[in-house]
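Naming follows writing order (A, B, C, D, E and F), and every chain is counted from residue 1.
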Amino acid sequence: MPVIKVEMFEGRTTDQKRELVEVLSRETARITGCDVDSIYVILEDVKKSNWGAGGMLCSDKFPDEKPAMEESGRE
Amino acid sequence: MPVIKVEMFEGRTTDQKRELVEVLSRETARITGCDVDSIYVILEDVKKSNWGAGGMLCSDKFPDEKPAMEESGRE
Amino acid sequence: MPVIKVEMFEGRTTDQKRELVEVLSRETARITGCDVDSIYVILEDVKKSNWGAGGMLCSDKFPDEKPAMEESGRE
Amino acid sequence: MPVIKVEMFEGRTTDQKRELVEVLSRETARITGCDVDSIYVILEDVKKSNWGAGGMLCSDKFPDEKPAMEESGRE
Amino acid sequence: MPVIKVEMFEGRTTDQKRELVEVLSRETARITGCDVDSIYVILEDVKKSNWGAGGMLCSDKFPDEKPAMEESGRE
Amino acid sequence: MPVIKVEMFEGRTTDQKRELVEVLSRETARITGCDVDSIYVILEDVKKSNWGAGGMLCSDKFPDEKPAMEESGRE
């Protein structure tokens, strides 16, 4: 029955989202013992200008590396 | 005082949203006995490519019927 | 596919919760045209000492009428 | 460790968001005694046509004053 | 930077929660390319009497199998 | 109209919560220009055993200092 909500910086590709949904659902079903069909995953793309960390807007804190920061490990 | 958050596939019309706000607020006030003026309803339009069900992205699972699936009952 | 989250003061009875789940699900299915079986409703009981309105804790603002305030309409 | 989520009408400027992140983070750290670096703030811009208050869509309730209502105090 | 929120039936053990946090964080970091240290996971234990599915309270829908339903796969 | 949700470790006192509600509401009203009476603040007390950071349960990561960690700045 779990509902999993992931809030993250915008910029993830459809392939990343597909894998995220597949893996988070499968692992949550395995660990909690629930049926994978009962799991919803909702992804929320958040702009860096709508996210604050340590008291600063992330669009100020990470100005250059817009999508790069989180995606650098993907290529 | 209730705050009601509805996450659903994007594609609802303003008329549907208006009725949703009106009915959910009225019924929640009636059932809980609170004042309808104290109720907030927040609707969140979620893309099928941001929603996973049963381990699959809904944009893969329901590819043809984009808005149709949920709206089929409306005509 | 909707997920409906209701945050409200604690103190609702199981009968009120049952009716809330039934009515909100049925009405949301009717208005949006989705399948009622795809709807999740999650109720969250919030203490008045964890809710602020107009800059005041509700446990300070409504001190006497603990559950009564919202339930007065129920008898 | 707090996570602060603010849902508000769309239309806030980057300057307002920057100040909101800075002030809410600093004050929450001061009051709870936690480290400001551990705080996340997530801002969510909600359209008036996705917000209901008192059983009415806010786009119907406040039709003229679109962003003005909330921003009138800013100039 | 992701924040992952998991709402599920109460009754998960600390071992299950520990594994859930570890696996969901590691897999999300791997898939999105972000730093695992920047990830928060918040688990929310929801009573069956606070969860509705298909218009019914889950405490009515799954009366016998209280924690068993979701944990049956764990032994 | 803002709704502010604060998820934090359990253990805050009523005085801290009162100040949090007062200050976050006042500052949000000042910065966004909205009416303080329209603001709701919902506080959520999260157990360390329900919070993960960096892939670890916080109850494992901060075992000794249960409420102390966040409250150390309060005395």
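The rule is simple: a residue touches a chain if its C-beta (ideal position, glycine included) is under 8 Å from a C-beta of that chain, and two chains touch if they have at least 3 such contacts.
All figures in this text were calculated on a predicted structure; none of them were measured in a lab.
Chains that count as touching both chain C and chain E, per the definition above, are A, F. When each chain is reduced to the average of its Cα atoms, D sits farthest from chain E.
Placing every chain at the mean of its C-alpha atoms, the farthest one from chain B is found to be F. Equivalent interface to B-D within the set A-C, C-E or B-F: C-E (over half of contact pairs identical by residue number). Centre-to-centre separation of chain B and chain C, using mean CA positions: 16 Å. Chain E and chain F have CA centres that are 22 Å apart. In chain A, the positions touching at least two other chains are 1, 3, 7, 20, 24, 40, 42, 51, 53. Contacting chain pairs in the structure are A-B, A-C, A-D, A-E, B-C, B-D, B-F, C-E, C-F, D-E, D-F, E-F.
Against chain C, in their complex, chain B makes its touches with residues 1-9, 12, 16, 19-20, 23-24, 27-34, 51, 53, 58, 69-74. By the touch criterion given at the top, residues 1, 3, 40, 42 of chain C touch chain A in their complex.
Chain contact summary for the complex, chain C toward chain E: residues 14, 17-18, 20-22, 24-26, 29, 36-37, 39-45.
Of all residues in chain B, those touching chain A in their complex are 7, 46, 49-57, 59-60.
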